[in-house]
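In order of appearance the chains are A, B, C and D, and numbering begins at 1 in each one.
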Amino acid sequence: MAMKNELIQLFQETRINSLQICKHLAIEDYGLQPVEFVSPPKWHLGHTTWFFEAFFLSRKEGYTEYHPDFSFVFNSYYESLGQKILRSERGNLSRPTVQNVLEYRKYVDEHVANYLQEKELTDKEIKIIETGIHHEKQHQELLYTDIKYSLGTQALKPIYDEKFKETIQQEPLQWLSVEKGLYSVGHADEGFCYDNETPQHQVYLNDFFISSRLVSNAEYIEFIEDGGYQNVLLWHAEAWDWLQNNNISFPLYWQKEEGEYYSYQLSGYQQIEAHSPVTHISYYEAFAFAQWKKMRLPTEFEWEVACKKFNYGARWEWTESAYQPYPGYQKAEGALGEYNGKFMVNQKVLRGHSIVTSPQHSRPTYRNFFHPHLRWQFTGIRLAK
Amino acid sequence: MAMKNELIQLFQETRINSLQICKHLAIEDYGLQPVEFVSPPKWHLGHTTWFFEAFFLSRKEGYTEYHPDFSFVFNSYYESLGQKILRSERGNLSRPTVQNVLEYRKYVDEHVANYLQEKELTDKEIKIIETGIHHEKQHQELLYTDIKYSLGTQALKPIYDEKFKETIQQEPLQWLSVEKGLYSVGHADEGFCYDNETPQHQVYLNDFFISSRLVSNAEYIEFIEDGGYQNVLLWHAEAWDWLQNNNISFPLYWQKEEGEYYSYQLSGYQQIEAHSPVTHISYYEAFAFAQWKKMRLPTEFEWEVACKKFNYGARWEWTESAYQPYPGYQKAEGALGEYNGKFMVNQKVLRGHSIVTSPQHSRPTYRNFFHPHLRWQFTGIRLAK
Amino acid sequence: MAMKNELIQLFQETRINSLQICKHLAIEDYGLQPVEFVSPPKWHLGHTTWFFEAFFLSRKEGYTEYHPDFSFVFNSYYESLGQKILRSERGNLSRPTVQNVLEYRKYVDEHVANYLQEKELTDKEIKIIETGIHHEKQHQELLYTDIKYSLGTQALKPIYDEKFKETIQQEPLQWLSVEKGLYSVGHADEGFCYDNETPQHQVYLNDFFISSRLVSNAEYIEFIEDGGYQNVLLWHAEAWDWLQNNNISFPLYWQKEEGEYYSYQLSGYQQIEAHSPVTHISYYEAFAFAQWKKMRLPTEFEWEVACKKFNYGARWEWTESAYQPYPGYQKAEGALGEYNGKFMVNQKVLRGHSIVTSPQHSRPTYRNFFHPHLRWQFTGIRLAK
Amino acid sequence: MAMKNELIQLFQETRINSLQICKHLAIEDYGLQPVEFVSPPKWHLGHTTWFFEAFFLSRKEGYTEYHPDFSFVFNSYYESLGQKILRSERGNLSRPTVQNVLEYRKYVDEHVANYLQEKELTDKEIKIIETGIHHEKQHQELLYTDIKYSLGTQALKPIYDEKFKETIQQEPLQWLSVEKGLYSVGHADEGFCYDNETPQHQVYLNDFFISSRLVSNAEYIEFIEDGGYQNVLLWHAEAWDWLQNNNISFPLYWQKEEGEYYSYQLSGYQQIEAHSPVTHISYYEAFAFAQWKKMRLPTEFEWEVACKKFNYGARWEWTESAYQPYPGYQKAEGALGEYNGKFMVNQKVLRGHSIVTSPQHSRPTYRNFFHPHLRWQFTGIRLAK
């Protein structure tokens, strides 16, 4: 019983938290989609609600869908659950309005809460609700990063929240050593995890050193000023094309004015803080920086084995590891099987979490993943050698 | 004095009317830009305001710009007036909010009205205010067509105004004849006109017949059902590529369901009315239809010479004429010279006006122009032979 | 009978001439297609042959097609004559080899010549042979311009023919005047013409002046050095985008090295000759130059009426006229009707001819047409005012 | 001395072999580049020659470059060695002609051979010559695959060599088992290897089974006919988009006619042989096939450990492993460092070799790599479980 009450409480807190993140927004901000990889806040609010409707409520007898077209509008990428609008069209929907979406949330929340309170839950039902909660926590992080992109790339650079602090104090650098040997990696305990963290398995690691802190803005500025963005030998071939085609010579949101570096942050446009970790860099930039330092990025397993020795959580940390299935990986049956497995190509693993990751939504075994050129997450660099 | 009062009244009516058109919208609708050629309603409201600020108020001593960034945001295509946001970015601006833009309108309206009331106006000043008014009337038509596009292409196809009637009753077809000879075309009287309507000049026309009414939906459905969209010999080469690349086999907004034709209209999605003029067709489609009928479109001069013999104003009427300067055409000096002349290539002239054209914003000499593939205006077909 | 012998002789001369043009080429040159609008020399040789096969021989009893796949390979744009390779694929065909194509030419030439010699010819047959001959003469010009493009854009800039002289001496400038009035334009005499030159009809022209010679390289260099390519007010809106997107600041084939202007010519890369006509400019550039001079381009009818007063034939001369059907224009029935009419949109008329136009392939009424941004023809500028 | 003679002999055999591969071609075939990832045979012949010139001869005193522009033309991707033509432009070069390139080869061959015979060679020099030889062997494989693509996608589907046999007999399927444990992988012996095969290191593997033979055409046809290409749950998200955008429902070169499967092979267009290995499939297809079989692809290390138990060499075998650096990997200094390391992102490793791989150009540790959607190599599928 305790557990059931905890589940209900976690459900309700999570649902409220998504609304808290949006409370700084104007109605007009809810519909923005300046690039395809960003979704409008309104869409996140609707999609996370649809997730509970599609995977849970709609399978219960007697449940009436809130609106017949919402599945079309709020499905993200579950190809097996029917037609859906093109991802690039999300920003072109003025309807449902923000008010409608809030009502949709209320309707679904009440139905889920009632069901949870009134019924015996099967293990499978608990699993689905848990997945829905964790899914929403992932979208809470995307709410922050998508809002930052949508506001920060506008002409007027509007402030999200003056009090939102992105910078972080870091301790002096130490090199932490790990000895070669066989290690267990992957998730094993009772708590929630995604399928991509399993099964636990053994890997052999060589001796290595890993940095106790992230690369700072000051260090990254050295790289810039040493011509790092112009030295082809530091970059992957695809990275070099990406730099040229997009005219890139700074991290995302950065500008240089009269010799000083500035960036857009959620609290507004401001000067770069030298000692805070460099942020909003792609894997390509992380790799090139490491090359320039004559070091390298850790693999995801080196990171996982070493992570108890250092503080993390300021920025998602790019690793050298491609996102691939663990030995013996089994994806879930049916539509939920589309959650992770189908993205296991052409992406890089990031470990840790960031200041906009939901609390409770991080584990030493957690595997985040993005294409190597993407930068709108709060990403950073930890070096190894 | 009378004239000055009229100018003030016209200014104020025009400014109010733009707001009237928008009163059916939700806040969320004001920011939509589903394709590059459509602009958000909010942008139209801001841009028409900026026009008065940039070309009139900002040249007056003592005037303080409402906001330093609004010129960047609300300039449309005046390359000579400084930097501006990319056209495709208009939909990515949540700020200024709708409320801000309404305040901006109020600020500019008051300053213009005060100036008009208090000062002696030069001819040049009157000309600029008149141009600003006519410019805004053009944007009022774009408000209708852009709103239609932005709502009508959404998944939920929201209604703009249930009472808005697009269909038109037409009288039976008659063939009106015009005799060959030399005719004067172009604008000559005292009233307002654009530079592209001048100078008046002579053209020689052969004998021709022109239809007393527009092609109806029923006639166009015959063309569709006779395989018109599949018969390559009816189409221009570029038209044929356009059909194939965009999978086009109907006018814009049309769908066929179980043998019946439907379309989105400002009053909602509904069945096609057989006798109303076919609407939302490109020049390419108008031309192919005429070929299929073994007739042709009139030239813009045939249209102008014949127009007093028939009713027009339901739809903009595609002509066979390319948009080119009249003999002796002089474009205005400076930024206003960018208004018309720089578009005189690769476009076709449309004559008349449509049900969403602002009253007073039409003349027999008025030359509208669009690229031959565009369809989101209220366009129609009048045949000649 | 005389006439029939003349036809046979004209046929044979024309067929031989195409081969003469190619005699300077290496085998490797025959297959080049560096951009979609250019075709490989081998393709021109095959296509002009296919034209006689498809429109003439294949309609004769007892004729055996040379190769069942050649229609697929050598059809250009006759949508009504069956499937064809994509235009952009012409350069990807190494087979048929050059040798095969020469044999194909021989086979078709013999069959046509035999038929012409042995049979009574109907008027329609004569018309088709004539059209085929004129069609091939058009392709002879394209052979020159496509070869120039294909060689001149290569890294090694190979010479086509050292003796080929592109430059032209011009006499001093005079302004020739034409009086206003009604004039007849279009083709009327017995000789061959294309359907787009008919019917002859009347146009009214205002008084105008037209230049006795073309704009020279020296004059155009003045325009360049006065910042013509950077002054937005001189350009059409689409022209301005074209300049920016393609980084254009010179005519095609030009380069500036240490203050001097050079260009690739068929006789090799060399310094610009100041007094020769500027060449390889687009309509957009011709228009902008005229704006800068505070003059204009003539219309095609002004040109046609005035042309007996000046020398022409060095360069195709851009006119201000869009390519449109004449009043009463009827396109030919069937596939031949695809020859001209279907291109009558979004193109500009050029008049006269150029140094690479086939002899006998020009008339005062001849209407050439190209999209306004294209420059690989030998185009030039004649001013009017 | 023996070793030096062997090196000279290997150099000469290798150089001759490239010409042998091309002896079936017409001159016109040497210049083909139908898609960007394919290079013309002439370019391969020039580029492999340039490699010896740029990395070896040009660093010797007294050597005169064959032609000042050939470096621009024949450099492939060595950004640090100066300007080069765009990859997509290789097919637009008719000059140098085939004859010129053969003379270039002769010139360089003589200079290299003379140097090798006359001088004491340093270890570094031997290493460079060896690398040049292995580099040319890689291009010999590309000659086959690029020629196949360039001929097989033409309208006339010309035969390369009637006697060239692509099909392979395979023995019945057995499942070979490997026990879990720590294994050494990577290159360690004295022979030549690329930097990406080093350093040798330890990996831990679980128990697994691997198939003794490749998946056959008959098995793959079952997958096709069971709707494999239409079942979204079998595919990666990016693979699904790739299928839709490119209309893919067969391996490359396949067509279905009246219920039978055909493909283009180097000996011509012909019916599929049921028992031969399926070929020209992408990683995406290999993965989806394995999903459908409820099995998986081996990792590159499973493959390397197991490979002595089975026959390989008919087709390159896709593995599940992303192409990444080995622990402790050091790329070579300078331009040669661009050889492998800069491609270590977004690609998948293939192991083994294929029927068009040069003899001596395969090792159990050899790591080939391609983007997951590419199919023009002779690729195949070996299953694991």
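In this text, a residue touches a chain if its C-beta (ideal position, glycine included) is under 8 Å from a C-beta of that chain, and two chains touch if they have at least 3 such contacts.
The chain lineup, named per UniProt: A, B, C, D = Ergothioneine biosynthesis protein EgtB.
Computed from a predicted structure; not experimentally measured.
Chain centres here are Cα means. That of chain C falls 45 Å from that of chain D. Chain geometry summary: the mean Cα position of chain B and that of chain C are 37 Å apart.
Centroid to centroid, with C-alpha atoms defining each point, chain A and chain C lie 58 Å apart.
The set of chain A residues that touch two or more partner chains is empty. Chain contacts in this assembly form a single closed ring in which each chain touches exactly two others.
Annotation, chain-chain contacts: A-B, A-D, B-C, C-D (touch as defined at the top). By the touch criterion stated above, chain D contacts chain A in their complex at residues 77, 79-80, 182, 201-206, 232-233, 235-240, 283-284, 287, 296, 299, 320-322, 324-325, 327-328, 337-338, 342-346, 348, 372. Of all the residues in chain D, the ones that touch chain C in their complex are 26-34, 42, 69, 72-73, 85, 89, 91-98, 150-151, 153-156, 158.
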